[in-house]
Structure formats: structure tokens, C-alpha cells
């Protein structure tokens, strides 16, 4: 053996020895690290789980991800030959030949489009751009946007007045209805419309417009969960009534029957006020639809879609067949469309008094009287349309970039329309599919999306029960841009999303088999990289602070109080809430622990887009930001505030409302640093 | 030896099958065979009774599909029964004993080699084993006491024989176990104390928690077998009455309202069911009352039976197909064995379902907690009808409602027990498993739970930090 | 300059041609104000004089019957009890009111029904006083007593007008409080207008000072009080040029006092709470200024004497009553108060005691009807010249207490009180311009 | 020079100020347009409502006609008169407080805004929504006045004036810190021609220009509470209780008389020199060319020249209208008359007037 060869052997040998030296203690270290971050001891030590799939920006992130279309809502031409599909993630309106099942045009629209409707003559389409606060008028002949009309914050559902003079736009984030005069092409008024509305439906005679809210009334924990349907008089363009829908929320969409005898609402019946001790017997979430009678007693009755051992979670769209005999409800949590026999509903309404029907909305077996069929769909079925001849039902399968086609004579699936999205299923995309799918909970009772609609939060406070029932009521936290904001939960017990959604999660919450490690990889990847804050167009559209916000920032940053006394470090806003996330990711007692809470310190929440996540504080006791300090500020435990004038508090809140995505904040910081260097 | 007697064609077919079989399963897997229990016809116990499987001479045989060729797999046992196939199709659990003085124990056999391994060594009979996910299994074991005779309980453990623990504690008799796809265990159960009740299908989590009704027959009809779940989300079972016997089904989603009769026969014509290929079922049945039970293949769609196998002098019972199965979900367990109690919440004892809307009956204001032989406590309920108890773990009890002056309003309900750290809740009394809760915080949970115990030192402990989600 | 002169001449022509005529007959001038220092009196008769006649309340409500089945007769209290620098004053006021109610309850309450004090703190959140008065309305109080801080009093006054509950103010000397024409309040403590007249008379006429400097709190108490003093000083021909401000809670006044020192005034007036005033006095002396010091009446407290120590000697202030008067009622009150609360009552306690007794007497006279209680307290006959522990209570047409003012001077570490000198003329004479 | 700073110079300065002020305002005295005296509406056919007819309480603070219904703020809640029936809404229905003291209806949205003793309440489509100083940017819970100005809602509260932008849901409040008032006590607010006027208690009238976001204040130039030196030199008193604007005229009410401002000059009115029922004015509302003045001694209506004052007799249900036209006075009797002379609120629509009084509500119809 020559020296050269020895040398040759020596090099890999050395590397091997060093490698082994690193490997064994390294592995031990990795094991400890992974055990801590996942709270399990059998994770396969795949580094990519956290260190690859959770990268949310840069070239690696773009290499890992793909640009999907994610169709959400649709419109169909009167001849039934053309579908107009809102591709939410691609910011475009897709024109689809329904017969050839082919995409024929891509029309770019605004950011994060939500809904599309067509004018009666079919010449133009109206598209609501939820993250751009406007609607666009698209001339379909030329496939071009002709007008962009500003709306309220977060436009979603759309409807045209029967004379085509007014366009009604539901503003989800600002909770109102924009009325656009289409001759003047401008917003003429904004009417209040419940809380976080999306659904909209015009009565067949055009006199009445309904808008359904998704969030419930913000009430102290323990008071009933009630959500509004707002009724508008279209001749006066005014709010005419508010219907309170008891025990329901997330009323995503509404529809009228063609004869106008019933208005239908998709809805969820949450069980947030009962201790979350089991899933069996519908103990967490029920799913159904509401009926507002338009004649006679005008009762509001709810019906469940669920069955005792099977739940049809996250109903999104609700649609009535052209003959008025059936309704279709797309349940995005279970990839099913439920076919409701409306004649059965009508007969039940006729034969049962309201009191009994109210009770039957708790009877999980009652759906057998009106559910005709459950039609399977692609991943996450959302908006639906029916062809004018009534023969086809199209459904936007949001998470596999397809439009499902269903033969309404047989209720059988035909070949879907492929919208041409990427063929690869990225880890994050798979995570999103898991996120919206109820398969992760016992008997499919709910999905992550149920309590985190829009990947955000549902505005409810739940009794998480802990060890004792009735303890630890908890305000659902938003999942938007939580990457880099670990630890998680109000008590900060979870160092990672991995741990958060792991074994314990399945034991106390989903109560079915825990997510597998690959599924957890995907879920965590989506949660940490795929959920963005909408731009804060409400309070900070330009990125420049208003005078009041600037004054508020001074208060946020202040170190002395109005009397000139130095504020102790812990009493300053900026100490615990430093930019860009406005959290120091550490723990503090801000004096808001209640007797029914376990003794914990709170994980300082991040404040990006804080305006969008009322109610506030760990148990949602503060309905508005003001209440954090007016009602619950105590003796300056949550920042020194008691010296402030009302105007100063208003300025502070104006500043808090201005906070947007941390990404923007971070950019600002970089600019700032760069300036300092120069 | 019987092979030689067959015609050339059939032998050729068989050889081909054998080749296919061998090529598919390199080390002699038994995939595709049917395992069943053969019980001697003139055994001391009447077929259909509780102990019909514990007959000496009972044996487990394997047969090839379509043929009457059976191989005795349990030659070394004086009695063997209840074969269950593992999810990978490679092993079989069964209950058996070697000597007549032995107790029945649970054994596992590697089907490819026939190698047998004893898992349990109990002082009482252990029967009816089933596989659970991730190396666990469940079985039934006799636990009769002086007071409560003839009761048994479900136990679970690791397949290596460790961690064997009792998971049910009520004075009931379990006679069949099925692992449902959702991860729970379905069992045919009847109450044996204070008096015998009708058998029902109850469902529970594998840790014994949340034991509740899954299906019960109408009055006059009696459930006769455990249930078999098929991939079409239906469950099949045998039921009967004084004049006839039936195979019936219910859907998993809606068991109490989807009863369907698949086929009817004379009294005792059907005995038990097992799952088979293509959503068909294996059925033990007899053609006339004087025949013995034979094995057939039942098509549940049209109710037709094709005879598969019969065994002279034996009743053929409890057939199961050897194949890989979709394993059920592995349900997490909230049971913490070191805890001494669990929690029980009821939203409104005066809520009895839709009937309470119609009748203005007297409202109960108290509940009485009844143990096996004594009253454990009388507890005032809250104004909204709710109560909240911290109950000594693994202790059977029943609840009856009382008026303010201690008049019984609703007599004792079913037996309950709470596992350590289990948290259970119900909407009202007798509302069944189909009524979901009112979205209302029960007044009772705004206070500390009332302690229910039986001679133990159970105390209200300051709640430990266990802040959820 | 020519232009200015022209304008001036034009104005004089306008002003003295009797362009306007007064609408009112000759009545006693508001605020017990001497002609010589009445606004514009030297130049122009006003078109309209206010506060000359009381405003009657003409609304409904007298017809309301007293409720039956009452278990307590609720009376309100509004004062600074928490989170305010003047909490000590508020607590004294509360004690005075409590003592009066307690004694009334010992006498059997109202027809056997005990009085109950509904206590409200006035310094909570912004404009809290208004909300507190609304709460009193919701609680069903029959009348209420308060408060000290003038912002609070003003806010409460308007709220009590809306609710129509009688307010008896015993602690706020802000002159503008009664200058509102609201017929739902009386004040049973002399206001700063009276005190300033007395102080101005003392410093200018008796002591013969001319150039004064003022250092005052920046709050409304300082602003309105000093405004009143400066108005009188102007009209007496001694405009004050030097006015410095400080904030409540401040401890170092060097900046302000340096300015004052440079200005070399003949005397200095300190207008503020006891603590800051004492610190200022100390710092005045530390900086070597030896001028006489005068102060607002809030210095009358042990706190002031304790902090200022020797520096307090010779300082003169005004007082709304004479706590050393030889008045048996006062002596008894002081003894009872000491016994119950273990401290000396101050001006706020004494006036609250009087005020609460007036409310009790009014209820005993007319029963439980808010309007009737108001009527009897404002009629300026039933309780006019009421002999309280603070002396004679005399209400003018705006229901302002125009009783005697006393001067207090620190001698040998104690306040010594003596009546303020009467100015030569009181009220109006026919000789004034415009009459 | 210092020594010359004496009384004479000071007096000169004071007089100079007066001169300028007087000159400025005496000119404007001639400016009010002379109107047809008989055009001031006269109302009769009075009909009165009290607790006995369905009102929740007799003390009515405010009234507003809203199409076919009449909204009445009482001490015991909001009373709504529709189809000849009364319905009462209280805190149980979602009002922030039962004491409803101010009402306005948004022309744009039809929403009803209620100023209560415990916060501002929006009543929209049957739903009540509360704004308080605790849960919103509103300055104080005692809302003396509320008006809708397009998408904005303005309130005058015990802790300052405030503006709610119903589009952005943002509050902006105006106090002594950012507006020319000494203290944040506001009592009334009105809007028109791109301006907003706030009656600031003790601070006169504050004018806010919506285009420039600038303030200016109008105070009594004599600077003293106890007198009004010249009636037409500015607002008659700093303690203002009401402002109302229509047809280019701003009316400012006080407890000391009435002022009228036409954009150039002020004119003062007192009970002794005009047909005004009393100097103690609780509330003013101007509609078209007329100001409706709610005083403690009856209701007066004026166009600035002619007056009609409604008074009820002391001892019976009857009363009269006193029509003052310059020196001439005529009277017209009514049976019955208005419910009570202590008037707190008024509204008119077409030829019908509604009057909220200390004891009951009155409805009258125009008879001239």
C-alpha cells in the first residue's frame, strides 16, 4: 500500500472519524432539541421538517412552493357555456369553456379576488378584490378591466339590484355594505351589516337584500352566541331589519329559492360555551343551514347537515336548484356536497311548530328527513354555480385547482375541469389541504379552518376546560403570520407549531389519531409560511402614519408619563411589544388573569394587524382595543396608561390600528438601519 | 390427502392458486384463507349462550376460499376459539386452553409458521381477543364478584403481554368486540345487575372512556351477535325474536335510524358474521333447525347466500378472512392511571328530549348517585338543571333524579363509570347519543365539582396547570 | 398712531352717546361687587346684567308623589376619593357629610327611614363626574353634595341639570360655577371672587403693594382663581405682569422663581395646593427672596405648616370661614369630628357638614321630591342666613354664598384668623356710569 | 416706559378693543333680511301624549320625526310612535342608557343615532349598537347632542365633542387640547356648508371648517359672565346650550338669550327686547328659515324678525300663541295647548310639529 493510497484512505477516514465524532453527540443534541420542539420522543429527526419547510421567504421558499390558482367563487354565462372563475391566489379571473372543459382566458384582476357576478346582459363581470378594497368591472367582450371602484374594507359578496342600477358589495373586514351607483360608478353609501359579513342574496322580486355575518355578536363569555343576518330595503337602500340567528355563526353564503318562499344560509353551530371535554355527540361543532321563511310566520329555522357519527364540516356555499326543489351545500371540510330536499324542508316547516324545530336543530339524526345524497368532490369545495338549464352543478375545488362537474339528473360526478395549476403538491399546499380538512378530528367534526376561518380566528372564546371544566376560557388567536412569533398559545407553552399540533392536541382537542409526522411537516409548513396578513387598508393604506397615529406612536414609545415621571421599563408599551412583531416573545402578568384561570403568565402576543382580531386579551374580555385599558387596564399593570387623556388613548389606539404585516415593518427597520449606517 | 381425490382440472386450478399464493406470500402467508371456530355439535353448552365458545373440543381451522379444505390450527389446545387477524394479515389472536382445568388465555399465532405465543396468564377466562392499532389488543375477561355474578370486563394490553389493564367497570357482560374504523371498540353488552337487561351494542374508546349506546334493537327483538363493519360504512349483525332470526344492518353514520333487514330465517337460523371480500359477509347459519351451523357467503345487497363450508359434527362459527386490513384510527387516550378520579358534567337533568317541550312534568332538583349496593351521594343540581361531579375513578354508578322532597322523578339510568382523568359530559338524561349540547355554559361548571366517592380518600385538589390547546 | 386715535375717538363717541340702554332696573350688583371694580363700570353700562334675579325652575316634577316602601333615603356624594392629588380634601369633605348624616340618622332619619350616602369618586376616567351623576340618578338619590375640583363641578352641574337632582356644592370656589344660570345648584362656600376681592383689597389697599408676581398651578383652579384676582387688580389699577405656572406634583420650581426674582416684585402670591405651595415658599426663601408672600386658601392645612416650617411665618391667605370662631355649633362639630375621625376638620369638612345638614333640613321640610327639595333650598328665604358651623350662609341671586371672608395669617406656626376688611363701597350706587 | 404702564393706558387699550369690536358688529345689525312677518308658522290642533297615552315616562328630552314614525327620547327609554301606537325600547333592547337626550336620523343610511346619558347608541335595522368612552374613542358617556353629517356622526359630550367616521370606524375627539375651548364641556353640535359648530359650555361657539380642519371660536367679546355689554357684538354669552344651522344662518342658544349669526355679524335676542319666551333656552332647532326655541317658559318660533311663542296656561290645559311683529303683539288661544311650558325638544316635518316637554309630548298642525 503506497503512501499516496494511504493518504487517499486517510482523508475519508479522517472525515469519517470527525463525522462520527460530530454525529453521535450531535445526534444526541438533535434528539434533545427535537424532543423539546415537538414534545414527542419518536420524531424521525428529519431536519427538513422545521428547517426547510418553514422557510417563508427567499429563493428556497420560492423553490419549495408553487403558484396555485385556488378557485373560490364562480359565475356562469346564461347559455351555460362559459364559467368565470375567481382564482384567489393568482389574482385573476379565469374564463373557462365549460363544454370543452378548458381555460380560455386569464384576466388579471386585483389582489386576492373573492367573488364574481355577471351583469344581466352578460356583457360585464364584477369582481370584488378583497385585499385591494375595490371592485372591478370587467368588459367580457374585450376581457379587460374597464373600471375600478373603491369600496369598504375587504369586499367579498356581490349582488346587483334588479334594475341593474346598483351594485351591492359586502365589505367583510369593515362589516358594512357598499352601495355603488353604476351610472356614476361610485360608492354612494355604506350601510352597516353585522359582523364580518360575506354572504349576500337578493330576493327574486328584488325588494329585499340579505347579508349574512360570519362572526357572532361580541359579548362577554357566557352570553349566547348570536350572529346577524342584515336585511336591506333595496328601494330605499337602507337597513330594514336585523335577524339574529341564535347559536350559529360563520354564515358564509345565502340563497333564495326561485319562488322566493325561502331564504337559505349556510352556517355552523359552535359549542364554544360548553366545556370542550369530548367530541362525541356533537360536542364541539355542528354544521347546517338556516331557513328564513318569507311568508307566514317568517320563522328562522336551522337544520343540521350532520349525522350522529359523521359531520359535514365547514359548509361554504349554498345554492338552490333552478326548480327550487333542492339545495346544495358545499362542505369544504369533508369534500362533500349535501343535497337537501327542499320539499321535505317545506313539509317539515309546515308540520312542526317553531319550538320543536329549534329543538330538532340539536338532533343529529334529523338530517335523515331531508338529506338526499352526499356527493363527493375534490379538495375543499367552495363556490358553486348551476347551469341555466339546470343540468350541471359546478363547484370550485379550491385546493386542487379544479372545477368539479356534477350531473344534476343523477347527482353523479362527471370529469372535472382542470384549471391547469401546478401538478406538484408542495408540502405547504398539502398542509393547507390538511388545515381545511376535518379528517384530523374525530368523526370529521371540524377542521382547523372552522375556528380559524380565513386562516385567522373566529372571534369566539372557548372553554378549553383544562383539567377542570369551566376553567380557562380562551380567545382564539389568529394564525396570520405567526412564523417567528414562537412560543404559541396564551401561556406560551408550545415552542413550536409542531408541538402545538402534536400529540396533546389530539388528546384534548381533535380526539382522534394524531397527525403523522409527514402531515405535521405539511401542516406546520403551511401555517408558518402560507398565511399572510391582508394589507391594512383600513388604517394604514399608504404605509405613512397619520398625525394621530404618529402621536400614538410617541405614546407607545414614551418613557415618561404626563407628569414627567419616568415610566418603569415594564410599564412602557414598547418594552414588551417591540417592532417588527410588537412582541418580545416573553411572559408577563398584565393583571387580567381571572379566578377561573390557571395561574400563568401570558405569552406577549404580537400586534401585527391587531385591528382585525377583536376581541382582545386571553379570554376575549375586551371587545375593543379601548377596553383593554379603559376597563381592564387596572392599576397600570398592562402598561402605564392611567395618566393619559382620552385623546392620548385614542391616539395610541390609532397607532395600534395602523400596525400591519411584520414583513413591512421589517423592511422599515432595514431602511432605518441602512440610514443609520450611512 | 384430499387433494389427490380431486379431478385433474380442479387440481390444476389449485396448483395454480397455490403457486400464486406462494408467489404472493413468500414465507407461507395464509392470505385469502378463512379462519373459523368449529364447535363440537354435542357440546354441553347450547349454541348461542354466553359460553358456547368455551366448549372442549372447539378448534380453529383455516380453509381455502371456495373449498371445504380445512386445516386445524389449534391441535395443541383442548379448546380454542375466536380467531382475530392482525392488520397486516400475518398473525392471529385467539382464546384457548390446553388443559380442561386451565383458564382460557389469549394466544397469538404467526400464521405463516403456526408458531404460537401465549400473551395472557389470568386467573379467570380471557376470551374474544381483537387487535388494536400499534401493537395493542383487547379482550374480555371474567371479573364476577360475589355481589355481581356473571359480569365480565374489557381489558387491553400490549401484544407482548405487558400493560394489561381493565378498561370497563360496570356490572355488565361483554360478549363480542369489534374494532371500528374510527378507533373505538364496539361490543355487544348486557347489564347483569341488579337485573339482567337486553343486549345492546355499546361503543367506547379503547381506554374504556365514553362508553355509550351505539345501537339497540326495538322491543321484542334481541341482538344475537356482535357487529361487523364493512368498507361501505355499514354494520351488520344477527338479531332475532321468538319466531325468527335475521341478518340486519345499520349505517355507521346514523345507527339508530338506519336499520335494514338483509335476510330473514327461522329462529336461530343465523349465528354470527364476519367480513369477507367485496363488501360481502361470512355468515354462520343453518339451513334447517335440526342442522348444524355451516359457513356461507352472504351478499348483503340481494340477501343471497352461497354455501362455503360445513364441518361434520361441528358448528362453524365466527369466520374471519385472512388479509391485510385498513387499521382503525389510533385514538389518543386522556386516561392518566395515576389520577384517582374523573369528571362528569350534565347540562340539564330535566331535559329529556323533545318530550320535555310538550309536558310540563315536575322538575327534578336533586340527583342521587347510586353505587352497586349503596347510595353514594345526593347532590343538588343548579337552577339550570346542571350538575358537575368529580367521581372516583373506575367505580360503577347510576344516577336517578329526585324532586326537592326526595321523590324519585326518573329512576336510575344506565351504569356509568369514569376512568382516571376522563372528562365526560351529557346533555340530559335519556337524551341518547344523538342530541348535541345547547351552547350554554352550565352553571355547575362555574363552581367546583361535587366529589363522589366510595370509601376512598378522594379530595378536591387545587387544579394543576394544564392549560389547553 | 393717528389711525388709532381716530378709532378711539370713534369708539368714545359710540360708547358715550347712550347707544344702548339697560333693560334692567337698578338692583344690587352681582357678586357683591363694589362699583369701582365691576367690569366696564367706569365706561359703559351693560346692555344686560345677569345673575341679578334667580332663575326659577319651571319644569314639571313637583306633582310626583314620594315613593312608598323606601328602606333608605339616598343622598349622593361626589368628591375626589381616589387617584387624585386632592384626595385628602375629598376625604375631609366625605367625613363632614358622613357626620351630618350620622347625626341625622341618630335623630331618627327621615320619618324613621335612615339616610344612606351613595358615595361616588369623581376622578376616574375622563369626564367621569358626568357619568357619576347619571349613576346617582339611576340610584335614585334625592339630592347630592360635592365637589371640590372645578372641572368636576362644572361637568357634574350640567349632568345634574339633565337629571334634575339638586346639587349642593360645598367645596368648589370657582366663581364661574354659579355663573351658569342652572337652577339646580347652590353653593355654600364663598367663591374665589370673594376671596380675591378680599386678598386684593388686603394687598393693594391695606398693604399698599403695587407690583405683584403670581405663581400658580396650571390647572383650572389656578387659572380661574388668578384670572379673578388679576381682573380686580387691573380694575384697582395694579395690573399683574408676572405670572408663572407649575404643575401639580412638581417639586422643583427654580425656573419659575428665577423669573420672579429677576422681576423684583414687591410681593408674591402663590396659588396652588398645600404641598406645592409649601415647597414654593421654601424655595422662595432659599433663593434669598424676602418679599411678603400671600397664598390661596388651600394652604390652610397642617401639611403646609409642616413642610414650610418657619418659612410659613407671616404668610397671609384668605379663608372661607373662621375655624377659630367662638361658635358653639362649630366647637361641637369640631369635637364630634375629632372624636369620630381622629383629626381636625378642615374647611371642606366643615362646609360639607353644613351643606349636608341643609339637604337634610330641606328634605324634612318638603319630603321626598327632587323639585321641591330644590325649591326650598333655592328660595333664598327658608335657609337664608342659616347658621352653620362655618357661620352665616347668605346666598345671592345666583345661589352663590356671599358670606363673610376671613384672612388667615401664620403666626408662631399657626393660622390666626381675622375678618377681611370691608371695601368702602358694597353693591352699586346710582352714581355709577350708565345708571 | 415701564412706569407708564398704568391705569390710563390700560383703560385706553380696553376701550380700543371695544371700539373695534363694536364697530365690527354694529354694522351688521342692519343686515338681517326683512321677511314677511306673517310667514312664521303658527301651529294649532294640539294633541298631547303622556304616560297615560303610552309614553314610558312624562319627561321627554328629545323628539325626531323619521318618515312615518316619531322617535321620542324620554327618561325611561326611547319611545317610538308608529301607526298610532307607542313602542318603548330600553337598555334591555340594547340601548346604552334609558335616558335618551338626543336623537338624529342619518339621511344617508336611515340609521338612528341616540345620544343617551350613558353612551351613544346606533339603531340600525332594529339592532342597537353601543359606543361608550370605555369601548370606543368617544370622549364621554353623557351625550348631550348627536347629529349626522354625511358619513360622519358628531356628538357633544360631557368630555368633549367627537366625530365618528362610520366608514373607518375611527373617532376623532375635540377638547381643549386641540380646539379653542378652555374646557372640554360641549353641549350641542350642528353642521352645514362644510362647517361644524359646537356649543362649548363656557367657550361660546366653536366653528370647525371641514375643508381646512381649522377651528375658530366665537365668544362673548365682553369677556365677563355677569353682563352682556353689547347685544350684537357677538354671541350673547359664553355658556352656550344649543346651536343649529340652516339656510346660512347659525342660531346659538344660551341660558342668557339667543344669538343669530349670518356669517358676517351677530344679533342678540332677549326676552325683554323680542318675542322670545325666555332667556333660558334649553334647545334650538332651525328648519328652513325658522328657529324653534325650547325655553323654560314656552316654545318660540322666529325668523329673526317676527315671533310666535306658545305658552300653556298655568291652571288649565289651554293656552295661547303670542305673535310678535315688531311692536305689535297679537294672541291666539288654543284648547288644548302644548303639554307643558318647559320645553326640551322640538322637530317639524311638513306641517306638523312635535314638542318634547318636561311633562308630555305635543303634536301640532300648521294652521296658517
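Note that the chains take the letters A, B, C and D in the order they are written out, and that residue 1 is the start of every chain.
Keep in mind that, in the parts below, a contact is a pair of C-beta atoms (placed from the backbone, for glycine too) under 8 Å apart; a residue touches a chain by one contact, two chains touch by 3 or more.
Only a predicted model underlies this, so the values are computations on that prediction, with no experimental measurement involved.
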Chain whose Cα mean lies nearest the overall Cα mean: A
Distance-maximising chain from chain B - centres being C-alpha averages: C
Comparison of A-B and A-D by number of C-beta pairs in contact, larger one: A-B
Centre distance in Å when chain A and chain B are each reduced to the mean of their C-alpha atoms: 41
Separation of mean Cα positions, chain C and chain B [Å, integer]: 88
CA centroid of chain A to CA centroid of chain D, Å: 47
Distance between the centres, which are taken as Cα means, of chain D and chain B, whole angstrom: 80
Residues within chain A bordering two or more other chains: 630, 645-646
Contacts with 2+ other chains: residues of chain B: none
Junction residues of chain D, two or more chains touched: 133-134, 139-140, 159-160
Chains touching one another, given as label pairs in label order: A-B, A-C, A-D, C-D
Touching residues (chain side chain D, partner chain A) in the complex: 108-111, 122, 124-127, 129, 133-137, 139-140, 151, 159-160, 166-173, 175, 177-178
Interface residues, chain A side, partner chain B - complex: 221-222, 224-225, 247, 269-278, 280-283, 286, 306-310, 355-356, 359-360, 362-365, 368, 442-443, 463-472, 474, 489-491, 493, 500, 503, 505-509, 511-514, 596, 598-600
In the complex, chain C residues that touch chain A: 83, 125-127, 247-250
In the complex with chain C, residue positions of chain D that touch it: 5-7, 10-12, 14-16, 18-20, 22-23, 26, 58-59, 61, 97, 99, 101, 117-118, 133-134, 139-142, 144, 157-160, 182-185, 187, 201-202, 222-231, 236-237, 239, 255-257, 268, 270, 272-273, 280, 296-297, 340-342, 357-359
List of chain C residues in touch with chain D within their complex: 4, 7-8, 10-12, 14-15, 19-20, 23, 30-31, 39-40, 42-44, 46-51, 55-61, 125-127, 129-131, 134, 137, 151, 154-155, 158-159, 162-164, 175-176, 179-182, 220, 223, 234, 237, 239, 241
